[in-house]
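Let me give you the structure first, and then I'll get to my questions.
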Amino acid sequence: MATLHTKNAARAMMAPAVIVLLIWMIVPLAMTLYFSTLNYTLYNPFSTPFVGFENYSYFLTDPTFLAALANTLILVIGVLAITVIGGVLIALLLDQEFYGVNIVRLMVIAPFFVMPTVAALVWKNMMMNPVYGVIGQMLSAIGLTPIDWMTEVPLLSIVIIVAWQWLPFATLILLTALQSLSSDQKEAAEMDGAGALSIFWYITLPHMSRAITVVILIQTIFLLSIYAEILVTTQGGPGAQSTNITYLVAQQATSYGDIGAASAGGIVAVILANIVAIFLVRLIGKNLDA
Amino acid sequence: MGQIHLEKVRKAFGDVVIIPDLDLKIEDGEFVVFVGPSGCGKSTLLRLIAGLEDVTDGQIVIDGQDATELPPAKRGLAMVFQSYALYPHMSVRKNIAFPLKMAGMDKAEIDKRVDYAAKTLNLDAYIDRRPANLSGGQRQRVAIGRAIVREPKAFLFDEPLSNLDAALRVGMRLEISELHQRLKTTMIYVTHDQVEAMTMADKIVVLRAGNIEQVGSPLELYSHPRNTFVAGFIGSPKMNLLGGAEAEKYQAETIGIRPEHVRLSTTEGSWKGTVKVSEHLGSDTFLHVESPVHDEPLTVRADGEFPVHAGDVVYLTPEEDKIHRFDGEGLAMKTNSRAVA
Amino acid sequence: MGQIHLEKVRKAFGDVVIIPDLDLKIEDGEFVVFVGPSGCGKSTLLRLIAGLEDVTDGQIVIDGQDATELPPAKRGLAMVFQSYALYPHMSVRKNIAFPLKMAGMDKAEIDKRVDYAAKTLNLDAYIDRRPANLSGGQRQRVAIGRAIVREPKAFLFDEPLSNLDAALRVGMRLEISELHQRLKTTMIYVTHDQVEAMTMADKIVVLRAGNIEQVGSPLELYSHPRNTFVAGFIGSPKMNLLGGAEAEKYQAETIGIRPEHVRLSTTEGSWKGTVKVSEHLGSDTFLHVESPVHDEPLTVRADGEFPVHAGDVVYLTPEEDKIHRFDGEGLAMKTNSRAVA
Amino acid sequence: MARKVTTGRKIGTTIFAWFVGLVIFFPILWTFLTSFKTELQAISIPPVFVGFDWTLENYRTIQTQSNYFHFMANSIYLSLGSTALGLIFAIPAAWAMAFSPTRRTKDVLLWMLSTKMLPAVGVLIPIYLLFVRFGLLDSRLGLIVVLFLINLPILVWMLYTYFKEIPGEILEAARMDGASLSKEITQVLAPMAVPGIASTVLLNVILSWNEAFWTLNLTTSNAAPLTAFIASFSSPQGNFYAKLSAASMLAIAPILIVGWFSQKQLVRGLTFGAVK
Amino acid sequence: QTTLTIGTVNNSDMIRMQGLTPEFEKQHPDIKVNWVTLEENILRQRVTTDIATGGGQFDIMTIGTYEVPIWAKQGWLKPLDGLGDNYDMDDLIPAIRSALSSDGKLYAAPFYAESVLTLYRKDLFEKAGLTMPDKPTWDFIAEAAEKVTDKDAGVYGICLRGKPGWGENMAFLGNMAREFGANYFDADWKPQFESEGWKKAVSLYVDLMTKYGPPGAASNGFNENLQLFGQGKCGMWMDASVAASFVTDPKQSQVPDKVGFAAAPCGTENCPNDGFNWLWAWSLAIPDSSKKADAAQTFISWATSKEYLDLVASKEGWANVPPGTRTSLYKNSKYTEAAPFADATLNAIQHANPEPTADKPYYGLQFAAIPEFQGLGTAVGQQMAAALSGSTSVDQALKQSQAIATREMTRGGYIKN
């Protein structure tokens, strides 16, 4: 597979994708970097004096910045935990023999097709509303006080909504992984005297580790930039309890109209994302030989 | 101990009967080889014994105790899979230790046994590697290691060498034979390799479509095949089976003569023929000879180099006393009577 | 035409030199087999000839024309891959027609050629099936069909039979040999199967670590191995190689004797030994005998059944004129002189 | 496969699995039911499940208020357009990565994925300004390009992992058979990878369909897809649960149905080479 | 033919207007109207981005009294000087007209306007033996809230906005703080959140809502409260005057005939504007970038005219005409009969005066018409919601708010240091 000819061809074939992505990354990034040094607000776009690092110090000293950072991590980790653990369990369930397995499968994967905004609207209004929401009404029906999700546990609410959307994704990948486990290995373990739990722990779970890594990688990419769900439900509040970095940046742009600060925030977010990326690459390096 | 008796064992997948009523006694310490064409039920039978499949009917008795309903783990058998089924995420040590860990054995004892097994199988040097970093032969040994640490009542092997290359296969074959001599544990071994079956077995079980065609020692099967199926199946290259006039000479429906039991000459003999293909291995020469006595070419083996080539005329003389006679149903006939001709 | 000359061909992957300076002349119409241990560079060499890899240095001359820089498609060679590399989404017909279509041949001519190839290879019945619905042997034939329709200058085969089971392998081996006899096209064939190499080749090229150890006809290699490596590599079971006192008797550093060239007796002979393992195939008996003359067991073959078993004492007598002598560098020595003793 | 599952156990599993499935599916089911209620029934306490007067009123209202089919057509254009464009770029790139890998292939792949980590809002204004400059605002073309770019990394990765499964020997065989590079890709690789490409297409269509940031910010009406449609029903003044439900159902129904019908494909492709 | 693209919020009056466009197109066959209806937040984000970057996507934008002065000052809006002779600009309620004008030129035409009202349940008041005064005080409200509350029956004494946002809870709280005599900023643009008035207002608000409010009040906005009130779960509700038409509509409400209307409550002796500290008008404006300004003016003229009111009345009944923009509407007996809340609404709007005063440097009542207010107000709103949900104390929330606001105002260059 490796003559000079094919190597050159390969380079040429890769070039278009790499180039467009490079442009897509560099042009806005350069503009963002440039804007991040200007005092540029949407309400006065004509006078944009150069202010150096002021936007950065403004963004980084934002009293909600640290909270947003923490929330971002909680959001990502929380959703990952729910989807991976839930995904494994549901995958195990779907791998069993039972009546209507196909229908249950369809029901389980359905949330994956729902737009994030719709998911957030439906959950916020029809599930989690303390008075009209189904959850609230069910709690009332059994004599409990309904939880006011969006104010009492705003971050958890968002984690739940996002996890609901991503659970099918995790489930599908993990199910495929599960089904690809050779029956030989399970049988060998059975012959070796392992019970169902031991088989799961020593054989099945390690077998799925690669799939789990992929789930983590892909989801992290999407979870770092959660925005619509927050906008629709809590708008980052109460206080900054459910503000993540992305939302914080968005707020600079949309509610303050402060493009300078938003750009600085964007750059900060890119740096943070890259730190996460490096971490992820470390994590998956051995598990994902590309 | 490792006595395994199958009594009227029957296995059907849905409506398809794979094994119809099979009886088989395997005595303690025997090396039993199952052979048979692909799909005849060898693996299924092994899996029934292991407990990885339920029998549809009948009983499996291990050491005098009914094991039909026992789960695999409780039968005290160890299995070596064709794919080896090593645990890819565990080191060699952990792989071998796994059954012991599952049995709840204490750490020190496990280590002792694993080390011993590893030494026996020459695996010490690789003990911390993962299976992915081992060669085929080494993997095979790990699979065996995992089986022997448990000191099982019997070993079950399902075509354990079929994934190895020819040279390695010879080596591993000898290793398994030696292992059997050393451990004296019952072994049940599935293969479709002639040489393995002949060289390793104390007892060969020839299966066809779930039925036992013949059970016996390798040489018994070689010298006295019970029917044409076994005759054709055991021995390589295959026995030449002739019908028609030649068979009638021997008052049989079919006669069989092995390639190594035909004398070759370029000048004279019973059957005249033309060489279609000649294969010169140095140590042997195989000739595929077209002859009026049979519509398919006859295979003949000569020791050493026999310098004939495609198109040459040769004469073949079967060794009279090595001729096998079969009746209309393909069953072997008692004595090898001389040709009347 | 199909003359292929490799001149000072060198191949390195990065810093690792796989093939250091190799010269080889393959004449038109020859059936050349490359053998050698795994990883020695057989496939690499074949791929260099095919143009699927660039040479690091040197020239590949096909029919007198420098092809070193030509892309695979322009070299006029056809390759049959180990995995067959059939196009799974195309029918047998389309698979075979593909190279012709790529060459821009017109429809009618393509059909004619494909039909002819399919008939030749007995593929007519499957012509509209997809590869997935074919057996291993049939797939193999399709791969060959795809190669022959192009009427290439030479065929390249990379272990084409290694994915088939033993029985099928024998059949396909014969088919390829016949094909060669019929087409008389140059064929280069990679294998690690002794029997294939010996039976099919006009000329065997033995490779070790990218170097040619010996080139010659199968019987030449069998009878006159140039060195201990070739001696040990050609022939199955392997030649016994002995050093020390026994070798000195023959004024050599090492002597070699093939298992089939040792006479066996239970009563008398040159070397006394104990049977370690005995393998009774019916047609042959292989003994692994431990003897003071050598620290590893000696392998001996007896024709037919030789009724000894592990632990029995046997006597071995090498056939004097079949003894190979090697010097300190492992090179064969001219004449087989008698033992002095 | 090996041994029998007892009927009792199977029934137990069935009940439990259905329960889990229904819990997960419930929000969608509830939305579906609500979309057929009147506004007052939609917020009635206790909630009614099926015993209400099913009405199509909400759907009718929605259709008179905004032209659903216009939005849907745009969603289709955008998701298919960006996917088609994506394939044109991704297939060659994935071919190169899978069949002529270098030491940097993995880095390039991860770099591509990392471009997806840019927070979109951070670059909204730059992109908006560029769109103004090039007159791409509210044009399908502009959005197709943006959606194509944001999904390209995923596309390349999926195809790459899929192509890697295809034995290189087959492509070499094609090369020996005289196929040019473009024939090698279009006549051998692509047809063989059809299942993989199909699932890639499917995932990309879903992601594009559901993309709600750029589609909202860069369109006005001509190119506005269903995400904009939903934005006009998400919390108007007054009671809106029933109408919101109906609009939600309309927005997700096409992709949900497509997804359900082709879930096998989706599952196969989604694994991103996670499963060997 | 000209096609106008109109960006608008998805409020019911606008949707009704959208439904009536064919009438307009019939009258003006050369003009086609293309509606872009979006949820309020998204619309605001879209139009702001568009107008600030000169995107030119819209010919008419629906904006409020907050944006008009700011955008007019930037020169982003076209003055509406071609509305036609029949338009009768003098008929616009003066407070509204002044809120939408800059330097005497009208920059946006009001489509509907609102102030704040106290809505209450007459039946529950009767049962509790209470009478709602014309001008209630917060003391009375607190007392009434306590008496009306009956949590077992699912009735909460008072419903107020809690959802964070400058146009959500801050609209109400800004208003309430003013009723206690406090502003957002002092004459030097120093934020005033730690002043007495704010403390009193917010403490009372949190206190009332915790004791007598519905669950989840911190996420209740206009709609949630409307639902609650419509289902008879609220004793009182102070909110935008448009609420009146919804709660009296039998299709949307289960208590259409049990609602009473009163002025917004007062916290201090002489509260400014008689407590009516809220003025909002959704208005139609033309961005300077529009190339179809003439057609756009034609449309605006139609949509905000008296004739349009008649048209709605003829199709949907008088109760449904967009309120609060024209004096003549409130002189129309057909309207006042059909809309029991008409007087209260007019009264509220007429009393709301958004002009700057000596101690209030900004334009606007429940908001300050400066660009920074949107972000600042929302951030402060988040603090208030946090206080309401109990995750922080009122003092702490106000202190935080003060800090946030000071930071923003300093960055905006209002506060010099």
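By letter and in written order, the chains are A, B, C, D and E; residue numbering begins at 1 in each of them.
Basically, contacts are C-beta pairs under 8 Å (C-beta built on N, C-alpha and C of every residue); 3 or more make two chains touch, one makes a residue touch a chain.
Going by UniProt, the chains are A = Sugar ABC transporter permease; B, C = ABC transporter ATP-binding protein; D = Carbohydrate ABC transporter permease.
Model, not experiment: these values are computed from the prediction.
> How many hops, at fewest, get you from subunit D to subunit E via touching chains?
1
> Touching both subunit C and subunit E: give me those chains, sorted by label.
Common contact partners of subunit C and subunit E, which must touch each of the two, are A, D.
> Ranked by contacting C-beta pairs, which pair of chains comes out on top?
A-D
> Based only on mean CA positions, could you tell me how far subunit A sits from subunit B in angstrom?
One centre to the other, that is 56 Å.
> Could you state the distance in Å from the CA-based centre of subunit A to that of subunit D?
16
> For subunit C and subunit D, what's the span in angstrom between their mean Cα positions?
53
> Can you list every residue of subunit D that touches 2 or more other chains, as numbers and ranges?
2, 43, 45, 124-125, 129, 172, 231, 234-235
> Using the touch definition from the top, which residues of subunit C touch two or more other chains?
Within subunit C, the residues that touch at least two other chains are 52, 71.
> Listing for subunit E: what residues touch at least two other chains?
45, 49, 53, 227
> For subunit B, which residues count as touching subunit C in their complex?
Touching subunit C: residues 38, 165-167, 170, 174, 177-178, 181, 192-195, 198-199, 218-219, 222-223, 234-237, 258-260, 277, 279-284, 286, 288, 301, 303-305, 310 of subunit B.
> Given the complex with subunit D, which residues does subunit E contribute to the contact?
Against subunit D, subunit E makes touches at 5, 7, 9-12, 15, 18-19, 34-40, 42, 45-46, 49, 53-58, 154, 222-223, 226-227, 230-231, 242, 246, 251-252, 254.
> Spell out the part of subunit D that touches subunit C in their complex, as residue ranges.
167, 169-170, 172-180, 183, 188, 191-192, 194
> What residues of subunit A sit close enough to touch subunit B in their complex?
Residue list for subunit A touching subunit B: 182, 184-185, 187-195, 198, 202-203, 206-207, 209.
> Provide the residue numbers of subunit C that touch subunit D in the complex, in ascending order.
Per the touch definition, subunit C meets subunit D at residues 50, 52, 71-73, 77-79, 81-83, 85-90, 98-99, 102-103, 146, 150.
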